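Structures follow.
The same chain A turns up in both complexes below, where it pairs with chain B and then with chain C.
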Partner chain A sequence: MLGFKIERAAAPIWMRSLIPVIAILVTFILTATLVIMAGANPLEAYRYFLIAPLSSQVSALEVLVKSTPLLLTGASVAFAFAAGYWNIGSEGQLYAGAIAAAWLGIILEGVPSVVAIPLMLVGGFAAGVLWALPPALLKVKLAVDEVVTTLLLNSVILFIVSALLNGPWRDPVSGWPQSPEIAASTVFPRLIPRSRLHLGFIVALLTIAALWFILSRTALGLKMRAAGLGQEAARFAGVNVENTILTAALVSGGIAGLAGVGEVAGIHFHLIEAISPGYGYTGIIIATLGGLHAVGVGLAAIFIGLIDTGAQTVSRALGVPVYLGDVVQATLLLVTLGLFILQNYRIKRA
Partner chain B sequence: MHAIQMRGITKRFGPVVANDHINFDLEQGEIHALLGENGAGKTTLMRILYGLYHADEGEIRVDGEVVHIASPKDAIRLGIGMVTQHFALVPTLSVAENVVLGYTDGFRVEPQAAQQRVAEAAARFGIEVDPAALVRHLSVGERQRVEILKALYRNARILILDEPTAVLVPQEVEVLFETLERLRQGGLSVIFISHKLYEVMTVCDRITVLRDGRVVGTVDKEATSQAELARMMVGRETFGVTRQDGRPQGPVLLRIENLSALDQKGLPALKEVTLEVRAGEILGVAGVSGNGQTELSHVLAGTLKPTEGRVLVGNEDLTGADPARISAAGVGRIPEDRHEGVIGELSVAENLALEYLDEFVKGGRLDHRRIRQHAERLIAEYQIKASPTDRTRTLSGGNMQKVILARALSRNPRVVIASQPTRGLDVGATEYVRSKLLEQRDRGAAVLLLSEDLDEVLALSDRIAVIYEGRIVDVLPASEADVEQLGLMMSGAREGTSARV
Partner chain C sequence: MDIFLIGLIAATLRVATPLLLGTLGELFAERAGILNLGIEGTMFFGAFVGFVVGGATGSLWLGVVAAIVAGILSGLLMALLSVQLGVNQHVSGLGITLLLVGLSLFGFRLVYGEPRVPPAIEPFGRLSPFGQTPILGPLFDQYALTYIAFALVPVVWWLLYRTSFGLQIRAVGENPEAADAAGVNVFLTRYLALVVAGGLMGAAGAFLSLAQLGAFTYGIIAGRGWVCIALVIFGNWDPVRVLWGALLFGGVFALQLRLQITGLQLPYETFLALPYLVTILALAIAGRNAAYPAALLKPYKRE
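Let's look at the complex of A and B:
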């Protein structure tokens, strides 16, 4: 016999709230080897990752720019996960929102901004909802696994975008596979002059606030959490689990759609294939790291935005590949997930 | 000649004494039944013999020699084989591969040679299976035969079968019995666990009855009857409570008509059940677990749709209604499994409010103050040792059950459905729950009590229905209930039961 046994027992509260901090430390220890192999000093590298981006106003604002879509996709994923709906499709739903924004940005030519911009947001939200609808319906009506369907739809919409950009929407001026530039009245206003920070950041913050409000202050939120934490018991208590999950899935899609609108109307001003370098997938990391809690999601999104910005600085300053940032993120996710599982156990002397 | 002797075997799980100084002998070439209610300790005793558990006290002899069985490996070496309640087969492998798995000399398995040898073994033991078939294509009965063949292939001389008929349809039971009889004639000794009397009387030579972890006695089949076995198994002299008869009866509040439903596997589990419960009475449903009680309680709670029949509360037809409607119609429900009733990660206050959420919404927002006050009131009234903000999973079983009780009963429901309401509770909590059910009855609610604990049914009920294999065998006034008779009906005895309504 081993002399030790493992039993199920939840970790104390203080330890749970330390998990993100522990995860970050463990991640840095694990990735240090890679940094060394890339020929850089790990401490130096982490200074660039974490501190350098915050040392000037320009780059600090750039962190918030990077965080904008991440706040939204993180909120999108958290909203679905809270109800136990494993939406892996925020990436695709973001593209749906981006397509809608690119389209509305053309046809709303001449409409004043006060009308056009709300329409852009509503349209992008609706497009995200629409793209989230088929897998959500399949889930609640036929119990088809949403992980598979939402994931597959991500590739489908990429093909649609590609078809649009190489076909009807190809920019007649430049001939590049990108949609024509959106009308000036539909462009999101800048929040601070000479920075790229745009209206989408405010939308993202409001969304995070809404996430908090809905989850903790409304009946829908309680039903969602009940369905997510104990589906059978929720059903027993009279919660309409199917409707609740459907609502959560669709709102989640809508939020991801907003992220797409922000990228089109705030950053690129037209649709391109590479509008998202995987913001939807990063949203999963953010939602998990943030413990599906609004405040946690907000902090995690800004943290990941920081690392993303930092990765570029590191690679420029130390000559290591930009991909190192992705490796750090992925490691962080795995470590966090591992800690979330491990916190439910403790080792005891037998 | 004794194949097995177990002497003074004791096994504790925390405070539970699952086996209490058990003596058990198995003779060469006999089929010996281990009979007892759920939780009597049958499985535990056999898991000890097979090396899955280790006894705290006692010794085991095989062929007269004291042995130490540390693991199933030792048991197999000693010629002991066991077919557990849950099969241990790899569905994607063939029958032959499953049989030889872990019992080949070399590292490689030669499919052809393995099939050849398994086919020979099957023929020798007279067990009908196709060695080349994939296990996932087999029926439950066939899988069981593979398990038996697996044990015999490992040269088992002693075969333990843990409730082998629980998963079989009647025709498969016949085949199993024929197989066992043939193997016995070939010299195999068999331990056959069951709680079904007629099966035991059909296939076994001797019967050892366990109750509450102790041996009640060992009898020869020839020298006993189903009635005596039922008495030994259930074993109560008095009911322990005196009931005043002739309490006033109100109108019928719960009417169940010809109700049928399927279990999770899609097999008929509830068959044309008809019951009536009146205001101010407790109707107890007695039965061994797995005879349709789970499905009955799920249908009445709204979490399972019936395939046929009707459920009426007062004049309201609630057939196939969802839990919200059933709750709103004035039905208080206590689920069989506490974790079906409360969500561990939510707070006590949230769980208490969940069933009546609409009442706690003000201007589109949850009224957290009212939710908290509601919880404080119920915590005081039902003596729940917890604060409203505690996560429910941190509560003890008894307090968790009180949360469920408070939610179900605080609105004075017309009808109460209580499934296994005291399962796993300590004495104090059990008493409390029972007194609350009696309080509901006295208040004029119609209470349907589903319980595997016969004592509980006898102590609380005004009338008793017995359920067996999804059917109501009989309904009788508690004053006429006779333990022996109930025991017989619960175990599916095929004699001595008269269908009354």
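Let's look at the complex of A and C:
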């Protein structure tokens, strides 16, 4: 006899809270091979990865700058996934928000900031909603799979951005494929002098708070979670599943749109094609790591922001390709997914 | 037939090749009950591995084989997550895509650094069995992989509908409990389906880097994997109908390349977006008639 047995039951709390720690360790062991292939020492690399960005105020604030769009795309994905709507289109909806911000940033020239900045946020949110609308309608009206349509629309909006930047919006001053610089009154104010941390970070934190409030304290949140657990059962319980999913899908798109506004009005001041290096897809990693819960999403976004910043540090200091960051993030996601099943088992004395 | 039309058809067959390979792969996975969103990354990885191995060994066919092996490994990872551990298929598939895109870009930087011009190799030549014969000559001036991809359609059909392996795949995709009761090894069947699927996806990527382009670029797949996912739905999970979908998309794509040249007063991106919009339209028309495999997305747990 072994003296113990494994049975299906909720794992004890200490076990569950240990999962992220184990996941991070396993991820670093797995990706160490790549660091060695790049001719660097893994331990040194991970010191640059995780410790160096936090060792100075400037780089620690840069982590929060990186986290700003990630908090929003993470919240966007979590909002949709919680209702069982698989919005993979946060990337495209972010671009929709960025297009709106670049446009408003031009036409709001001369409008004071107190009016212009709220209009930028509302406009970006609306653009995200608009880009999320066709797949959401196709889903609830015609049962067309939203995964495919949102993915395809991510490709389409990149063509729209390219058409704008190579056509009507090509910067008349520089001739680069970037939109004209937005008006000074539409630029997000900096929160801390000599850092790039901007108003968008506050917007992102408020969004995370709203995510928590809506999901756990409102009737809409209850309906969303019911639809996410099972549509048939939710319908049986009297939930209007179609309306609930439609709402979740559109709000999710709006939140992603806010991420695009922040990048234009807080960081770049132009629309450029590379405004997002895949923040929308990273949002899926963040929402999953965060367990679709507001606090989890917030922590995961800041951790992924740390990895993004760290990847650049490692690249500069040790010459390890910056894409190590992408590999680490994806590996962390897959390892965590694999470890999640441990939650369902506990070890008992026989 | 005029030259424009013949050129269009020939180009359609070329453009449809990677889509057909990828779509047939996805079809295998989905008929066994697994939505593999790792397809985009697997095609990207296949394009990269094929290019590196083809370039390093000087043998393009060795590159194709390496891409297939890379695709199989990706399929095994998907199987480990979705079949063995029963993890959510949407998230695990997307995670694999993110992992393989990152891994390919990492590897590309390691091997080639940051070149100003993308590295290139001498790609596959075309086979033209009809030589200079009018119509047939230019029409059948195609890559060997194109012939193979189209020949795979009846092969896949035969495999799925006329062999016990195909019956087992369809059974575990429709009703794994019943299949299990009838003595089918659900896990093994799904593993095999994902392995076949991964190999085909890898080959699809290798076609782009080793035949069509002779290069590896960051935008080499550019959403083609997602188009394959759409084509599987559009083709109602049937290999023959999937063929028509791939030809339709390939045709629209080939047509937009020619419309760009004719100098219509529209930004060329309009035409680039056209195939994607047509695909969405086709999905909307297919709508509620799409007959998803009943066990798609549902992990199987043996109690």
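Just so it is clear, the second predicted complex is superposed on the first by the 325 of 350 C-alpha atoms of A that agree within 3 Å, B and C clash if a C-alpha of one lies under 4 Å from a C-alpha of the other, contacts with A are read in each partner's own complex, and residues count from 1 in each chain.
One rule holds in what follows: contacts are C-beta pairs under 8 Å (C-beta built on N, C-alpha and C of every residue); 3 or more make two chains touch, one makes a residue touch a chain.
Treat the numbers as computed from the prediction; the structure is a model and nothing was measured.
In the three-chain model built by superposing on chain A, chain B clashes with chain C. By the document's definition of touching, of the two partners only chain B reaches A:225; chain C does not.
In the superposition on chain A, no contact is made by A:189 with either chain B or chain C. Legend: residue contacts after superposition of the two complexes on their common chain; A:233 is shown touching chain B, with no touch to chain C.
More chain A residues lie in contact with C than with the other chain of the pair chain B and chain C. Within the superposed three-chain model, A:326 lies in touch with chain C and out of touch with chain B [touch as defined at top]. In the overlay built on the shared chain, the residue A:159 is in contact with chain C alone; chain B does not reach it. When the two complexes are overlaid on their common chain A, residue A:217 makes contact with chain B while staying clear of chain C.
Only one of the chain B stretches 4-12, 40-48, 94-102 or 454-462 carries C-alpha atoms that clash with chain C in the superposed arrangement, namely 94-102. The touching residues of chain A, when paired with chain B in their complex, are 10, 217-219, 221-223, 225-226, 229-230, 232-240. Across the interface of their complex, chain A is touched by residues 35, 37, 77, 80-81, 85-88, 90-92, 94-96, 98-99, 101-103, 105-106, 109-110, 222-223, 226-227, 229-230, 233, 267, 269-270, 272-273, 276-277, 279-280, 283-284, 286-288, 290 of chain C.
On chain B, the positions that touch chain A within their shared complex are 301-303, 322-324, 327, 333, 335, 339-346, 350-351, 353-355, 357-358, 360-361, 364-366, 368, 393, 407. Listed in rising order, the residues of chain A touching chain C in the complex are 34, 37-38, 86, 88, 134, 138, 142-145, 147-149, 151-156, 159-160, 162-163, 166-167, 278, 281-282, 284-285, 288, 321-327, 329-331, 333-334, 337-338, 340-341.
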